[in-house]
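Pasting the structures in now, so scroll down.
Here subunit A shows up in two complexes: once beside subunit B, once beside subunit C.
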Partner chain A sequence: MQLSWWKLLCIVLLAYVLVIGLVTPLKPGILKISPERIKTGQTVDIEISGYNTHYKSSNQVAYLKASTGYLIQAKEIKVIDDNNMVASFDVPQFLPTSNSIEQLSVITSSEKDGSSVMPSRLIVAQDSVQLEMGKNLWSIKEPTFFGIKKYSFPFRNILYETIRNTFFHVSLWFAMFALLGISVYHSIRYLYKSDLLDDWKAYSQVRTAILFGVLGLITGSIWAKYTWGTWWTNDIKLNMAALSMLIYFGYLIIRAGIEDPDKKARISASFNVFALVAVIPLIFVLPRLTDSLHPGNGGNPAFGSEDMDNSLRMVFYPAVISFILLGIWLSQLVFRSDVLSHKSESAEI
Partner chain B sequence: MKTILSCISRDFKNEWRNLYQLGGLFSFLIGVCYLIYFFGDKNQSLSEWNLKYWLVYLFLSFFVGSRIYEEDQGRFRIFLHQLVHPGQLLLSKIIFVFFLLTVMNMLILFFFQLFNPEIQVQFFNWLSICMLINVGMATLISFSSLLNSNIRNNTILLTVIILPISFPLIGMAYSTSHSVLEGVSILSVGSKLRLILGIDLITIAIVFFLYPHIARN
Partner chain C sequence: MSKIFKNKLKFAPEMKYNIAFIMILVSAQNMLAQSSQSFMTSGGKINVVFAVIFIVFIGIIYYLIRIDRKISKLENK
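Here is the complex of A and B:
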């Protein structure tokens, strides 16, 4: 087998993505708190359950933070084990907001684990609103939070360990689009030069792209089950992706429907060009017009700092490159297999 | 231009001579509208009404698509291409289908309004959206039909081709018409209309880029 440099690069990058992507731990984070509803003017003990935390190993500090930036510090912390502790807060009578109900974020910080946030989870109710009094009772001064020095992936509530699927699920779609783009290039080449090899290349690339698309749907569906609680939702992007697959199944059906090789190549090359043009609005335009659970659609930012930090980017970009290279490699193998089977058929005749 | 007009006139004459086909199409339309009225919820929501409207439109467009290259098959096509440039023929088909789809749009609206007069539709806003959608749909249907006539002229295959690739347009049609039904002025949905126009233009550009390769024999 002739091993080109890019195939070697593909293997190295895939190994890097698999090892770093699966072995790197998540940053310590807060898994849950209890209770989740409190009233002002009381001393409350909040049980904090952590993930990947080391509460016993270093001194912990905990805060409650309002949406206006005001916060209070826990007066006492009882560590139960590495992943559980109880923080006692003297919650003042008034909140530093003009609402009677406020959602507070719980923040913990220590030298070893860095800072963890459970955003807007603790619901606190006050009997009457006294904004100025509340501002005096709460502190506006931002304390110094510890950062984490170890290389780790961000801890995101709902996503947890499944955040690693970003490297596989998203990369598969990138690779699919790259392959479809290359196949359109070969289809156009066929339309102008009428070389059947170009059509076979396009065909092999579309089949590989379909495989990647189906894998993208499967990985997305499994991810959806763990994060959104269902295998399939009526999310627009999800359904448009499935529809895109239908368009390309149409391509396969068209090919199967024509026997004359030249006609088959001509019609399917034309359809292939048209299919990519039809898929672009489905995946990139329509999902932006309506609400969507996917990042980058329906008002959600596309891989903003909330979704993708530098630690993820260090694996994500190599993952995209490696999956594209893998796709090209696979489609080459399919193409060569097609050529060989065609040759053997011709020899038999 | 004269050739295109002759081709369109030929299509109209063909339709007139085979009136049973057009009659079948319209009776299907009336039948579906009546079934929706008879079995459907009498107090349907705007989104339900809108969805049914575009579904009926989509299925009728399949019917139209399955017929437009029916007359120009095999040897007759070779003869026809000696008289008319395939591009002109395609353009005439697109204009003819555009006209047919617009008439169908208005008929669906008429019957939907007849059976469910509670839903208020501003006629000219609705017509504008339909005409804009029909530019793209007519191009798409004519192209798919051309593809299909090169394969086996199989209606199921045509559905397989048209259904997924028409979805961006139908999706946009649903989204825009829903806003208009909710009382949003046509000017406020300008961005959606521009998007439909964009899809129309891309569809036309791609179809006219590809047709010489399909028409080539």
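Here is the complex of A and C:
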């Protein structure tokens, strides 16, 4: 076996992704607050449970923030342990909004952990609306929040540690599309030059792409079970991904059903071209046009600053490259064994 | 009659391996479901990440085993 540079690169990148992708900690964040419903004009004690936090080792500050930007600071903070503390707030009689109900965000900040937010979770109700009074009682001045310097992945509610699946699930789909793209290139080349080897290359790449796609479906399903509570939902992204897999199963069936090698190659090559053209809008365009539960869909591109940040990109791009290289490697193995078996068959005849 | 029926039900050897692979996956998923919900959701759901990596690993190994079998068949010829 000759180990060319790109195979070596694939191994090195895979190792890098596995190690850095699993070892890097998440940023500290707020897991849970209780109670989640309060009334104005009272002193409320809010229990804050953190994740990866070090409440004991540095001074904590906590704020409640209204959607209009107004804040109040906690008057007292009792630290129970590194992951639990109780913040007492004097909630004023009136809110700085013109609604009787407002969703407040809880913000904690400290030098060691940086600042973390539990967005719009605390529901507060007031008896009567007094906008001007409320604005006077709350502070508009944005305090300085601490940042975190250590290299860490973003903390997202609901996702938590599964944000690492960006490297092991999302990059599978990226690699699948790369392989399908290469196979379409070979299919078009076959249609121009009628060299059967090109068709076999396309066939091996499609098979590896199907492996990646099926693995993507299974891994997504496991993630969904522990995020949404079910193996499968009728979400547009999920259904379209399954549909595109079915299209490629169709490709395999067409190849299995036609005996004549030239006819088989011609029909399946043109099928392959149209399949990719059909699959790209199914997976990339349609889920963005409607609502989708899937992260990175329903209007927001996955590469926006909301979903991806630089710490994730440092691992995600190498993950995509390594899975693409692995896919090329695997499909090359399949292709070479195909060629060998064809040679041995024609030698027998 | 029964003989014909029997012959039709026989799977090709490759098919057998595919079915075995799918059964392993299904039973792995069942095992995950039976193990308490708290195991998978504890520690910020880190075990979900491990399960995903495990599945990807198993899938690629399965693919390699299939290629391996094909090549050893060629060698035996």
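Following the convention adopted for this analysis, the second predicted complex is superposed on the first by the 342 of 349 C-alpha atoms of A that agree within 3 Å, B and C clash if a C-alpha of one lies under 4 Å from a C-alpha of the other, contacts with A are read in each partner's own complex, and residues count from 1 in each chain.
The rule is simple: contacts are C-beta pairs under 8 Å (C-beta built on N, C-alpha and C of every residue); 3 or more make two chains touch, one makes a residue touch a chain.
No experiment lies behind these values; they were computed from the predicted model shown.
Student: Report clash or fit for the pair subunit B and subunit C bound to subunit A in the combined superposed model.
Tutor: fit
Student: Looking at the overlay, what does A:L326 touch: subunit B (first), subunit C (second), both, or neither?
Tutor: After superposing on A, A:L326 lies in contact with subunit C but is clear of subunit B.
Student: Can A:L211 be said to touch subunit B (first), subunit C (second), both, or neither?
Tutor: Touch status of A:L211: second partner only.
Student: According to the stated criteria, A:H169 is in contact with first (subunit B), second (subunit C), both, or neither; which is it?
Tutor: Only subunit C; A:H169 stays clear of subunit B.
Student: So after the superposition, what angle do subunit B and subunit C open up at subunit A's Cα centre, nearest 10 degrees?
Tutor: In the superposed model, the angle at subunit A is 70 degrees.
Student: Who does A:N59 touch here: subunit B (first), subunit C (second), both, or neither?
Tutor: Neither partner.
Student: For A:F274, decide between first (touching subunit B), second (touching subunit C), both and neither.
Tutor: First partner only.
Student: Report for A:T43: first if it touches subunit B alone, second if subunit C alone, otherwise both or neither.
Tutor: neither
Student: Figure out whether A:L289 sits in contact with subunit B (first) or subunit C (second), or with both, or with neither.
Tutor: First partner only, subunit B.
Student: Could you tell me if A:S337 is touching subunit B, subunit C, both of them or neither one (first, second, both, neither)?
Tutor: second
Student: With both complexes placed on chain A, how many Å separate the closest C-alpha atoms of subunit B and subunit C?
Tutor: Taking the overlay as described at the top, subunit B lies 19 Å from subunit C at its nearest C-alpha.
Student: For a test of understanding, state which residues of subunit C touch subunit A in their complex under the given definition.
Tutor: Residues of subunit C touching subunit A: 25, 29, 32-33, 37, 40-41, 43-46, 48-49, 51-53, 55-56, 59-60, 63-64, 67, 70-71, 73-74, 77.
Student: State the interface residues of subunit B toward subunit A in the complex, per the touch definition above.
Tutor: 143, 147, 150-152, 154, 157, 160-161, 163-165, 167-168, 171-172, 175, 192, 195, 199, 202-203, 206-207, 209-210, 213-214, 216
Student: For subunit A, which residues count as touching subunit C in their complex?
Tutor: Residues 18, 22, 26, 51, 160-162, 164-165, 168-169, 172, 208, 211, 214-215, 218-219, 221-223, 225-227, 231, 326, 330, 333-334, 337, 340-341, 344, 348 of subunit A touch subunit C in their complex.
Student: Contact residues on subunit A for subunit B in the complex?
Tutor: These residues of subunit A touch subunit B: 191, 240, 243-244, 246-247, 249-250, 253-254, 257-258, 263, 266-267, 269-271, 273-275, 277-278, 281-282, 285-286, 289-290.
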